[in-house]
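Labels for the chains are A, B, C and D, by order of writing; each one numbers its residues from 1.
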């Protein structure tokens, strides 16, 4: 059994990790930290875990994280980089669900996150945790920067097109929509029920930190200059993410060839479902599961390809992807503990 | 592996059965019928099942239901009683999620459901499928009448009080609230999104067919005359049921004794969680799981006990309970395939 | 034109006052205070008011409240009582939407609200602002304690029964359900979208401060000892309140007589709609309007009368009722500015 | 008083017309037809109208529509064109909220709506009812084709850019999101609460009939060839529409100049609100009102302008716009009956 610790388990990615790991066949939940909730049984905060998770939150200094095999950071940006070196030195692997180890470009990180990067050495060795595009590196990694939720959909949606070199890489548009849980479990007016339900809006349109993360990865993986316009929106639903991706074809290609391109790219992937051409995937078809589904459209057989991508932002977009990385890092079956069928309706 | 057939799998209890059974370790999904959807792959109707359920709907005459070990009826009232005898004769067990085999009182059935009961012989041998209160009979049953969603909460909430004889059994009030999926997957104006969201209402206040079912069972189990006022309401949420139960104490009893009464009654039950006295259970703490949670209140230490009961109406209130019955009928571990942790948030 | 000031206009009752008063034919919005938002144009916080409300929040010391004819307090409990005397001395009338002037029983107030009452003199002259049951007193009042949202439904629902003396006044049950806006516009985890949507729960079941307010008023108005069990619940909708009221008849009475009792009680009321016997009012039928609707049920013609009551908690349950009081206090048409038709769907 | 008739008042645009017209100072609601609901009081179907609308549905043959001054068609496509000539002959003006009189190109109409156009003569004289871009023609029109909800946002959002000739008119993208009421009040599975809440999806991506309508109008108004990619999505909210519009600049222009372009274009418009550059309008800021709000963005000061547009799809996107047209046609103040402040929260 793999001994797992969680730092900062009071947020949504934290409780989702707990849900997934408590059902994982090869995991022993060993420690969970929260400075604020020290001494509180986890199940008192999350009654959904009553009888299933017997851990108690403990303050970081008391938690025996160095006795774990792996520690997940479900914390705000900046926490993992402060603790990673000590854990690595003790032989503990680290998976950060925040942004500390996602971007290799420190200047970009510091610009977008507004904090200095205090741990560039670890960043250098850190591996970007998107298994479909980075599986081998993940298998041997000691520290993982788990991708952002939006970037997961944008990368898996654009990748086959860019890799094939059939679209204008400098002119990509991603019009993305996220459920409210993506904003986290924070006491903020803007995400109150009475503010965020029965309404719809865009946010961060003039600039969002998931843009440089996505560009960096797409450029690294496809070796071309990428230009991306990313427009996030807030949807009155708890979980779910829908990205509507637009790319301009720069070559003649049939729709069948387009479809084949995607089917081949993901034919062995357990968590990527290429739906029939012209489908309209719904976010609920992935709810509470690690599946990402996508479908292609090409209105009027024109020059623009539209890729519709859906996932559960808390699972494939966060905690499920982190568990998928863990499985790879420890030589487990990649799908272990992640085969829950989506909850519909 | 138990060979399972489902009659009428296009509704919400049907798709929920598919979700649970496809993840069940001892089940082989063998046949699913729908006259209307004959030939349609199940996963085309429910993309959440893509890659996980490979069955195709077939018309009832073509489905080889008699080759199954057990057949679930996720159909409108009246369907199971038309087919049960043939299946039983072929050695197939039957679990009806509709009302055909719930009430022993045929006259009451015919009054409330508006159809004649065509199968009184099978009704006589049918067992009411509420494991917590009827476990032994279920183990040896050939045919199960699976309880209604509301009655499950009312029975498990009132039972310990009635059994102990400490409340006025003739003066019970159940003010109950259900998510919209309880109304089924039917093309009806009243349950459209634009009709049922951002609003709240009662319905069927002057009389609802779950009242006689609940009274019949409570009387049978506690051997006393029961009077029950049941007021159902529709909540703008997909899944979930919350019952607020009021009973008048007819004896002196401390709150500790009340709490102990419930804890003892359900101490060995894997799917009933007696929360600490004074708790406020949320429906989401049971979402997509087979758990039912309850908590006691006694305002001003007065004569009225309030029992708050929550469950997922599609799981413990329908399909999960049916699988729990199946497990008992086939000598499996009662919790097999039912240990999913609730999805929160 | 009546010059109106609002203290504390950043919450939901505040913005609802602004919406109603900006469309009121006899009102001139003169001042609005918020210590925190001093200098911010109101329409910057609430874009719905762009072009319609040109006021700017100012700190309380700078606002010229004493130049107003009436000041509404849309503030937390305790604010109005600190400022009322100065305003009254300046000839300004006061309408408090919080609890400072609702309950005559100071000890009860201090017990339930946890603060000392610093202004008992004003409390003595204050009038409870429920026009249907207290119209004459409101007309001549200088200071109004505007009723709580739940108490409005409970009082208007129970009153005709208690006044007629046909129910057991010591054994009333009110099972009430409120939209989330009733909890206010506060940065609290429990009312986040991801916490409060797609779920349902009770709260405050062991005791809630709207109970003593309701009891005090019902006793005062009907001159009998009242016993009330009040169980509030939170509904995943923004606005709306639904109260399901249970009372035991102590006399023979026909359903027609019951219905006539309510129709007579409210026949001249512009904002109380007695629906046909057996109706199921929906909260949305009152959305964004000052209407309260109710309907009677009597299951099995038994001893229990059920009254279903709906209103918009922010209008008839708060700001609309306050405007209705203002109209009466200033000799205006009682319905002035309050005749908006409910928004449905 | 203008005598108004409504054909087909049982849907959402119908009930919204009733709400607006019943509060309109210059309108007398005279007749409302529904073959199916003949004899039913309107307020029995819509309790929100109790006490405010005393009309009864009557079958089309019995309704005295020819005695009206104007008749609104809130009907499925194809109804207005069958009745328009008779009404016009009787001197009655016609406003069709469906598509019969929107598109001048009959071939396009027949292709997208799948029915022959039986009334090309009336179509020739019909005026497209978008007041901001077509005011003078509306004033003298006898018959109006009221715009679709999506086209209203796309036209008002793109128009200033196209008119100024500063973007590539052949390469427009409109990623649009609509509340569920836009799908109408029809008994269809796909818009049930349990299907459409807590989820998000695109639909009609490969082709939607609002595309040719929008292109026809933009070409007519700006005299250039327009290419438009329109991607509609369904949002789990009742009302509201958010369009995210992308256009490529073909010239050097500062952000201040862009902003001025829009402010000048709409400076006299009572129902178009150009918000400060970089704002994120929310749909709820227009809820239940006739306002449309928009804001400009230009990420990285690049070549792409993003216009965010919000409106209430049932008001400015349908019934409110129709009333605005009526006001113009009858020489009333354009804002008469349309000055309701949006309902927020």
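Simple rule for what comes next: contacts are C-beta pairs under 8 Å (C-beta built on N, C-alpha and C of every residue); 3 or more make two chains touch, one makes a residue touch a chain.
On a predicted model such as this, the values are computed, not experimentally measured, just so you know.
Taking A-D and B-D together, the pair of chains sharing more C-beta contacts is A-D. Comparing the CA-atom centres of all chains against that of chain B, the greatest distance is found for D. Separating the CA-averaged centres of chain A and chain B is a span of 36 Å. Note on chain placement: the centre of chain B and the centre of chain D lie 45 Å apart, centres being C-alpha means. Taking each chain's centre as the mean of its C-alpha atoms, chain A lies 39 Å from chain D. The set of chain D residues touching two or more other chains comprises 12, 179, 181, 185, 194-195, 197-198, 236, 238-239, 281-282, 284, 287, 345. Every residue of chain A that touches chain C in the complex is listed here, in rising order: 12, 179-181, 185-189, 191-198, 236, 238.
Only residues 173, 175, 177, 179, 194-195, 197-203, 205-207, 229, 231, 233, 235-240, 242, 244, 246, 278, 280-284, 287, 297-300, 302, 304, 306, 308, 310, 345 of chain C touch chain B when the two sit together in their complex.
Residue ranges of chain A in contact with chain B, taken from their complex: 12, 15, 19, 22-23, 46-52, 181, 185, 197-198, 238-239, 273, 275, 281-282, 284-289, 293, 314, 339-345.
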